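Okay, so here's the structure we're looking at.
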Amino acid sequence: WSSDTIKVGVVGPRTGGAAATGKAFEEGIQLATDYVNAKGGVLNKKLEIVFEDTAGAPDKAASGFERLATRDKVVMVLGESHSSAALAEIEVANRLGIPFMVVEAWADPITAKNYRYVFRAGPSNSGVVNDTIAKWVAAEQFKKVAIVAENTDWGLGIAELTEKAMDKAGVPYLTVTTERKSQDHYMELTKLKAFDPDAVLAFVYGTGLHYFVAQAGEVGLTPKAIILDGAGPPSLWPDFWPNVGEYGDLECFVSSMHEKVELTELATQFRKSYVEAFGKAPTDYKSRSMFDAILIAADAINRAGSVDAEKLVEALEKTDLTVTRGKVTFGTEKGGPEYHHWMPPMLVIQWQNKEQVVLFPAEGATGKLKR
Amino acid sequence: MLEVSNIDVYRGETQVLWDISLEVAAGERVAILGSNGAGKSSLMGAIAGILPPAGGKINFKGETISGRKAYEVTRFGIALVPEGRRVYKEMSVRENLEMGGYVSRKQRRIDQGMEQVFALFPVLRDRRHQAGGTLSGGEQQMLAIGRALMSRPELLLIDELSLGLAPRITKEIYQAISGLELETTVLLVEQNVEMALSHSQRAYIMESGRITRSGRSETLMADDDIRRAYLGL
Amino acid sequence: MAREDDLKLVQGVGITKRFGGVQALSDVDFEVEKGTIVGLIGPNGAGKTTLFNIVAGAIAPSSGVVRFQGEDITGWSAYKVCRRGIARTFQVTRPFGEMTCLENVAVGVVNRQPGCRRSQWTALAAECLEAVGLRDLAATEARHLNVVQKKRLEIARALATRPELLMLDEVLGGLNSQEIQEAVAFIQGLRDQRRLTILWIEHVMGAIMQATEKVIVLDQGKILTTGTPTEVVNDPRVIHAYLGD
Amino acid sequence: MSQGASILKSNRKNFLYGAGLAAFAVLPWMLGVYNQHVLIVCLFYTMMAASWNLIAGYTGQISFGHAAFAGIGAYVSGILAVKAGLNPWVGVAAGTVAAAFFGLLVGLLCLRMGGIYLSLTTLGFSEILHIIINNEYEITRGTMGLQVPGLTTSYSKISYFYIFLVGAVITLTIVYKLVHSNVGLNFRAVQNDERAASALGVDVVRTRLLAFTVSSALAGMAGALFGHYMMLITPHIPSLDQQFLVLSMTVIGGLGSFVGPVIGAFCLEILSEYIRAWGEYHVLVFGLVALVVARFAPKGLVGIYKAWRGKKRPETA
Amino acid sequence: MFAIASMNGIVIGVIYALSALGVSLVVGIMNVVNFAHGEFYILAGYFSYLFATALGMNLLAAMTLAVAIVFVFGLLVEYTLIRPTYGDDLYSLILTFILSIVLQNAYLLIFGPYPNKPPGWVRGATDIFGLFMYGNQRLAALVAGTCVIVFVFAMIKLTWFGRIIRATSQDRGMAELNGVNTTRLNMLSFGLGCALAAAAGVILAPVFPVTPTAGVPVALTAFVVVVLGGMGSLRGCIVGGLTLGLVENLGAAYLSTGYKHVFGFIILILVLAIRPSGLFGHKEA
């Protein structure tokens, strides 16, 4: 057909419990398309993004993905923040032969399945646990840690990886699961308090984390123990402070973005154009992750010189591009989750008087852990 | 006082009353007789505002009350003792009586009214804290009448006064009604034809939703047809 | 002895029913002989309907035994009692308003003859409607019927369950004297042609006098007396409690 | 109307159903892959709505556990296929039986009280199921979803279309046969007046239980088929959102009418494909449409059509 | 452990009872289950947040205004949706079920997906007899919740309004004959039911921030409490709430935190199996 645009699909939750992520994705999409199209677009055509809502549900995600491929005829699909949805989507991508770049879904099997059409330009659970969390725990010399897992695939999965890492490091731990929908964590917290850990690795997503942090303060678990928010964003959400009040101070989180520390020049530029476009500083780093993904995709399409799926996969495998979070290269060795995966650097940040202080890695640190 | 002119009444889609007209003068006691399903209760319901007539008109003291809701009709000074007593089963006798006085909602009037009801039915005073549903049938009927009296009605409608009551209690209640005659006008439906006729001045006879006869009670009492049809004699 | 039991189609022994504090029936013994029409009369609240409900399985007695053809059916559920051969009508009619008359009656047919085909039950139901003179209204939804028609539908439905004992609860209400005459003839016809036994609650004394062979008088939950219609209406206790002097 | 005329009329009706079905059966050959998918989903919802209609429309029991029973069907079938390596078709049968079994249990528990108790208890049941699915992550894979094999060796939309078509026809036939059988008379009798029904020999509890169990089994079958079609079974299948869709489809199509749920399923599924582009507005629009129809046309589209036809050609009373 | 589990069970139990009070009232009087109860709760949470945070109103005034607005909204819903369904309780269930989905999505559009939390009334936590620490805002919610419950009880037991509500729930027709405008009473009591949901919402929003879908679990527990306690029994509502709170928390303390909510449902099933009409329910005739 003749069209003056090239369509790329995006999947992500615009409704449902994680609709906030959809919002962040939209912001990233807006900034990235402006950026790409201002530089001449892709293959001399305009880049057009079609955003399909998955509502965070795997079955909706699978049919949404299929819809993008069969109805909208997109050349490539990006996005996703739910591992469960992504795991459904990679099956469709593989079946239909559509390149799919996962952005913010962390489950290892997404790339560990070694599907030819599936890439990941974002963190994986094992990456986050082994490269960041375990190392940080070792660096801070915590004696005892507690692991809190919400009863979802992500929570239970990452908790299991963390248990393994703690076993390896010889750090004693206690794992407590909590119901995802529960608003009241007093009983879980009481169990934790009895264990008396130095740090609590909390794999609880969204508002649940806010409840958890606030209630941990109420029952007196913190500030003696330090909470690490394993998922990053909830501690950066605009309502984090209203929800947790003073109990948010000294809370730590894993993030690929920091308000001051920028690893690349593009990141500084991103921040500037974000503030221009939306009149506020970026909070949810997922907008930047999406921005990066679109840049990677546009680069690959241009290098492939075609929208043919095979050529796109080859071009992606050869990616060597600097985006906001650093230089992207995808692993090509089959057998593990590193295949087709680029793990961006992650930071451990602590709230100190509502200021973000980078604790880890040491080379980026702007301060020391306060307790 | 009460004028019912040519009313037609439906229950759902079935017509139950055809072209009913009757009159009750102030201070009078009038009986409505008729077999089961003749439409007596429907007529009472129509007057009390439960079953709005599809045609015709009901006037009370010169004002039209047909087409008004039951709670509005009550405020005109009409009270109904409904078929089947319908006491509030889970409320105490006292609360039941208080509900009767809801129209005025004045504590003093309610206290006075309650004293009068207790004077009329002393047994209710003994039972005033008992739940309505636990009263015996006769006591429930007394309660239902007492509750109707609480609103100090000018017109008292009583449906099936003696239903389910032992004859002795029926007599007691009739005597009580007779004692009310000074203030209150009474229109009553009764199965016990003889009792009704001997305690009323006039009577209407209904059959299959129509008024077939009317007249002074003594005349009707003496009528052979009526004796045969309703007294099984 | 055996013959005598055969004659008693239904028999109640010591039937007692309390509703909380209300003693609706106390120690009632009664029997209905096969092929007869028995009247059940008594003041309002005497317990007549309660007795019906107990025989029909709608409620269980507090104590006492109900036997049907010698079999103890006490406490059976209503549908079992019906399938055993006892049908009843309701004092306040209870038609299935959103179903046609034919379907109303068909419900009775299909539960007595499970597995019967559509054509069969259509015919049988139509026949029952015919019997009560509602054939023309077969396709009308029951809620459109008038009161008298609803009462006839009750009877048609009861007949559709092929009962041996038919219990009628005030089916004459709302009829004028002429209609009452016809109805009495109809009910006697049922007995003669369908070999039914009938237990009949009615306040219309004329009809009871005319149609029944035996009358049971209930008063305040107890049997006041039992006898031929003439005996009963002349019994001073009945006159006192029920008929009035 | 004479016997002959009515047979003629019913033959014509059967002929129309048959012709419609035949025309529908060749439809996917003329459509693209995407629209084939839409048709398959329509057929899934047809099964769900028609079986929900069996209890809600014909016996007046509003169950909020219908999606949960579909979930039981899907998970039982899926787990058997994944953990025990069972043939998926055997799994579908097992899922159907399991859904029937749980339907029976829930029915026994709350059909005695009926009405609102049933509604709220089925709601609770579906919530328990959700928590169990989330917690028994090892078996169910929680929200990540259980990946299951497909029903056919090579994936083809057309073959799934026919599988779902057969499923829908089975469901509709069972519903039709039940409703138009002697049991159907009992359903309606029980809905109209329980006491009168039992006096006419209807075993009220058994009748309700039968409707509830059959309806649950059909939901279980639909869920199991759908799970194998998506090749992924997630807690979304037994979710309240799904229950909402099924309920809206039935109500918009026409509660208690035979074709209503079919019409509702197709209209809403196709509509939702079109308004999906509105992103977060689409569920809202959906809900508003459902609300307006439910409020102003309680008999649904079928009711509107009947009223319109009735006005055009007034029935002779 | 036991001490804090019991304490938390009681606090959460009172919160449950408070959330269920409106449902119980409306079921008792009107035989209508308001499926959108949770959404009314959430709406009040949003309003109190908006008034207190965005408009900077006094906290108490913000809460009162929020409850008042939800009350009026409840009146409107009764008038447009519920009134035509009287006599068909299942149809009102369908309508309010759809309404709840509509509202959830409307909230998402209007208020966005992030949780919103009105400012707390108090800060910090209290040491309870040296046994454990307990959040002050929760203690405040406990007190406020108890006050609302006592107020509702007093109103039902002591005032004309309560008397006619009880009378109407026992015999609507008779109440009408006694001069009660039951149509208006229904509207008022539906509004009151919504206002009670709103009261629960404004009291609890500072503890549990509101999100568009947070009403679902609230309504769900409310229904469980109502069925557990017995349809329409206010006393049952309190006992049901406390039972549920204690069972869940003791279960979470000693059995499994992941299955916390399942324990509540298990109790519900046991109660239903033994007493089909709930703890304080009356079997309908």
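Note that the chains take the letters A, B, C, D and E in the order they are written out, and that residue 1 is the start of every chain.
Quick note on the criterion: contacts are C-beta pairs under 8 Å (C-beta built on N, C-alpha and C of every residue); 3 or more make two chains touch, one makes a residue touch a chain.
Note that this is a predicted model, so its numbers are computed, not measured.
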Partner chains shared by subunit A and subunit B (touch criterion as defined above): E
Distance in touch steps, counted as few as possible, from subunit B out to subunit D: 2
Most distant chain from subunit B, judged by the mean position of its C-alpha atoms: A
Subunit A-subunit C separation of Cα centroids, rounded to whole Å: 76
Between subunit E and subunit A, distance of the C-alpha-averaged centres to the nearest whole Å: 37
Separation of mean Cα positions, subunit C and subunit B [Å, integer]: 31
Length of the line joining the C-alpha centres of subunit C and subunit E, rounded to whole Å: 49
For subunit D, residues that touch 2 or more chains besides their own: 131, 134-135, 280, 283
Shared-contact residues (touching 2 or more other chains) in subunit E: 105, 108, 258, 261
Junction residues of subunit A - those touching two or more other chains: 15, 19, 22, 151, 177, 179
Every chain pair in contact, whichever chains are involved: A-D, A-E, B-C, B-E, C-D, D-E
Of subunit E, residues touching subunit A in the complex: 1, 4-5, 8, 12, 53, 105, 108, 112-117, 119-120, 123-125, 132-138, 208-209, 211, 213-214, 217, 249, 252-253, 256-258, 260-261
Residue numbers on subunit E that touch subunit B, as the complex places them: 160, 163-164, 166-167, 170-171, 173-183
Sites on subunit D touched by subunit C in the complex: 1, 180, 182, 185-186, 188-189, 192-193, 195-204
Of subunit C, residues touching subunit D in the complex: 56-58, 77-79, 82-83, 87-88, 90, 94-99, 103, 106-108, 110-112, 114-116, 118, 121, 139, 157-158, 160-161
Residues on subunit D engaged by subunit E in the complex (per definition of touch): 60, 62, 64, 109-110, 112-113, 115-117, 119-121, 123-125, 127-128, 131-132, 134-135, 240-241, 244, 247-248, 251, 280-281, 283-284, 287-288, 290-291, 294-295, 298
